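In what follows, chain A forms one complex with chain B and a second complex with chain C.
Now for the complex of A and B:
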């Protein structure tokens, strides 16, 4: 955009006496160079931070990775006492909590977005959107505290026994109802990612041209059919990006999950059983890790988590970019 | 074909259309109701969370809670003053690091296009999605391990890294609201690029810059995971205090956690509301 103007330097060809002109030009050149230097400097510092982050996480986890090799990724046991370190179960735990959270977030978030953008009257949609936007700012530690102190007893005494008693679906929730569980962690993640999901998909829906809706209505579609058959398909890439970014956020959350998941690094036998994720394991194991291999293994968990989230987020960004014109708007909603 | 049969066919078609419309209307009503239920379902837990934090926190909150230093477990009368000042210090230090770098990097992105800028923009977007706990590990490996000391500086560095990508993208978007014409006019007047950046781009984008940076600060204040790896004691920051006290079984510790949560929440919401008001004034001015 601005490449055609690079190299534009003010030219003093006007009636300024020779010495002054030379001085002015020198000063101008100096200032110009100084500005170029600091501007490049800012960009370079940022690039250096990104590179340093990658190197230091990779470097600090190298001890664990060279010992276990690529098997670290799927090796099942995490037992520091026996010197056995593997990320497999934690990867499963991360994917499981994220998946369950998305089962909750996607329909509710999309329904809310459709309600706010297409169905609700303006006097309701405006304040509700503002409220949900504000709630996106609630720190995850506060959501975690609420999950731990308020939701845990409710889940142990009411929600989990009720879910276990359901026909057909009950086997998903079988076993002792403790409270802290994969399910509770997923619910906390859902509460945390919901505002982002709603804001992003609402922006994607709102970016669909009014003409699309009018065309559908003119063909005899009901209001809901216009939303279902015209608006949602047109906003698909934006909605996919919203889901992807919510997935990235849910996978990376650590503290709030550590507070409610029960922290048992074993394969969960049901959704109401305690479990562990990469993030929660890092939080819990870090302080106790023995220097050397122990710490390196915990950091290696971070490396695995970094790979997972960067892959998901890069996918999300690619989706946002493929959305073309909606990109700027969606980035705005992210803030 | 007789007139009568044509008429009866028309009735048949009309009846079928009527049935289809009724069916579609009922589906539509049902779906709309479900969407309204979804909206209630997404607002309800968030409102419950707010309500609970406010009511539990308000029972604990008092002047002495804010200004007293924490006491050892079991001794009453303790406050959270060190956590509040600690959080302020860490975030303040992080801002001193992050704001200038973000502004300069954003200016770089604003004035350049091409592969380098695109790569930088992409890495900012991806870094913004990196879990905060990994940024904590980064600060730990880079500053805590080599120096053998947990410090506010390491925590501030972690928060700065966390804010950088958010700030860069927000700053660049803010600068993009300044028309390229204005930038070119400044250059055409013979002003240096640095001068144009200062007097045209930064000045014009100032309200938007404030909004974006306020939101980044709100995000940083509420972060816990990076502090876990960089601070020696939980009373050194509000979020860390909520984590350690909230996970204890003692009622007194939990009360402290709720009180701190309320202070933190008030602070974060205040920042977001300030940002919203700034944004609203901008959009009003633009109209």
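Now for the complex of A and C:
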């Protein structure tokens, strides 16, 4: 009985494994096909979504764009109550808040990233990274509420009067200290974009070969000099990518900005003056359902915002390509 | 929303403190109502035999569980929240979710048919009605509220007297300091502090903004010159002066925390926040502060109210507060789903009758009798999918 079974089993086993191998091969081929379909399908869906978005935004905003033409872009007045629609001041507000936010976030973000990747002891770097990661998970409306409830009175009563009283730079912050202002909006944007900036620059810095650091140190550089002269330049393209992403996020943010910028569609006379951005104007006006020109103009603001974002992203990519040539390795680490 | 949850939190703490005492009270109530409910139910059974009778005793009796969704005016939120909660206590089968995203959202949501009811501080215009996708929209006045001019000025008395010209000056930027002689002349208060005026208006389109715009157009020629039109607008017409904040809550938050600020909010919100409010010059020549009584007097002037004749701003009459308005609930006349329609009609009938008892404590005035009957008459026009009226009185 035992000899019989041992005689049969191997033969059966061979047969089974042969079938399994065939099946396996077939399954692999099936998998290949499925993967190809998923790959192309995914790409097609993504492209279709982008194209559909562009078409619908362009279609819905056509009424505003045909009435004002390209002038919509720089026409200065945004006053829906009087039926005057122009995006110019909002474009300025968007670029200004984004620029000021970057002035705040780039040095702080880069410094934090350099500290985390080069200088911080392990017991500190871990928890600190986790904290910054947590900051990235805070919804923008919560950051906006924090800006409105906590930062607004501090800015109105302390920060803005102090800035205005500074001897040389005071003129940048002159005017009434309302609290909600271009500056406060920029600070809130800086808080929101800081995690992106830190995480991406840290990856870029960590991708710089250890040999670069050691070479600098061997030549007698201090740790600070090694970071500044060897590591940061080598990670330049990665840092540029981080800034590009942060700029994109800052330009598109709407709800939080609308809560802290003061919503004044006029050219800001100083950094502490209230202002308005494309995003905040959309938030405030989108519900006003008066069909026709009003709705169309609000969607046209969305189209302008889309164009601005695309332009900034393209600019960032171009910078990456021109600057990242001699250090393709570090740039590649991020792509 | 922020301030509301704050109040509720405080109440909860109080409840927690006296929890032990309450347990025995609740137990007592439970047994009392349990004993009394059986005969009461059998007594009212015959008039409410049909589920489509609208009357205070029958409103809370429905058969199926229904969740109603609404969206609209931010100003009515404190009132709606209390009334809907009270209704749900009486009739746990009906749950209401109301999103206080603003009057303009109420209008657009009912136009698209994404909610069971909308609410707007200003009735829908004929062009807005024409854009409604579900046919005829019934507009039902559900509450009477006022707009408070609230200020945060250290050392200033309550009920500072202001007229149309000074208010226009504050909101068009021609009066920039609280110690301005123009304010002193009107208010009779000469010792207001040397403090910059921080005027805050609504950044989104709003009912309170419309009412104040209407009042300033009526009373201040300089305002008409400044905004270049004499047609009031829900979107604040002079957004380039002062700052804009979203919803009543945003304006209230700014006023409460910023010294020198002045803004307009629904009176219910001013009451919740404990704001001091200006006394406004009314058409009879008196300075009147917002109270439940002075707002009620304004509503009483609306003898021929309708969705096209809705303006109760700057009404004549002694003691009338000039910034008052009705809030309008928007529902489609023709309802596709009978169970939902019946629950909706009964809820609205409760809101305009029994629910009005909650109004005064929240900073609103109960609907005048003629307006309440207009509201009930409009609710009776709700039809089922076959086009026949669903309700009888």
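The criterion applied here is as follows: the second predicted complex is superposed on the first by the 266 of 335 C-alpha atoms of A that agree within 3 Å, B and C clash if a C-alpha of one lies under 4 Å from a C-alpha of the other, contacts with A are read in each partner's own complex, and residues count from 1 in each chain.
The criterion applied here is as follows: a contact is a pair of C-beta atoms (placed from the backbone, for glycine too) under 8 Å apart; a residue touches a chain by one contact, two chains touch by 3 or more.
Since the structure is predicted, the reported quantities are computational estimates derived from the model, not experimental observations.
Shared-chain residue A:80: touches chain C; no touch with chain B.
Of the two partner chains, chain C is the only one touched by A:179; chain B is not. Shared-chain residue A:57: touches chain B; no touch with chain C.
Residue contacts after overlaying the shared chain place A:157 against chain C, while chain B stays out of touching range.
When both complexes are overlaid on chain A, the residue A:259 reaches chain B and chain C alike. Legend: residue contacts after superposition of the two complexes on their common chain; A:148 is shown touching both chain B and chain C. One of chain B and chain C touches more residues of chain A, and that partner is B. In the superposition on chain A, contact of A:285 is made with chain C only, not with chain B. Applying the stated touch rule to the two superposed structures, the overlap between the chain B and chain C interfaces on chain A comprises residues 145, 148-149, 259, 283. Chain contact summary for the complex, chain B toward chain A: residues 21, 24-25, 27-29, 31-32, 34-39, 41-43, 45-47, 49-50, 52-53, 100-114, 120, 122-135, 137-138, 141-142, 145, 161, 164, 166, 168-170, 173, 180, 183-184, 187, 190-195, 197, 212, 215, 218-219, 221-225, 228-229, 239, 242-243, 246-247, 254, 257-258, 261, 264-265, 268-269, 271-273, 276. Every residue of chain A that touches chain C in the complex is listed here, in rising order: 79-82, 145, 148-149, 152-153, 156-157, 176, 178-180, 258-259, 262-266, 274, 280, 283-285, 287-291. Partner chain A is touched in their complex by these residues of chain C: 2, 101-102, 104-105, 107-108, 111, 127-128, 131, 196, 198, 203-205, 227-229, 233-237, 239-246, 250, 253-254, 257-259. For chain A in complex with chain B, the residues that touch the partner chain are 1-3, 5-6, 8, 10-12, 28, 31-32, 34-36, 38-43, 45-47, 49-50, 52-53, 56-57, 59-60, 107-112, 114-116, 119-120, 128, 130-135, 137-146, 148-150, 191, 194-195, 198, 221-225, 228, 245, 248-249, 251-255, 259, 279, 282-283, 286, 299, 302, 305-306, 309-310, 312-314, 316-317, 328, 331-332, 335.
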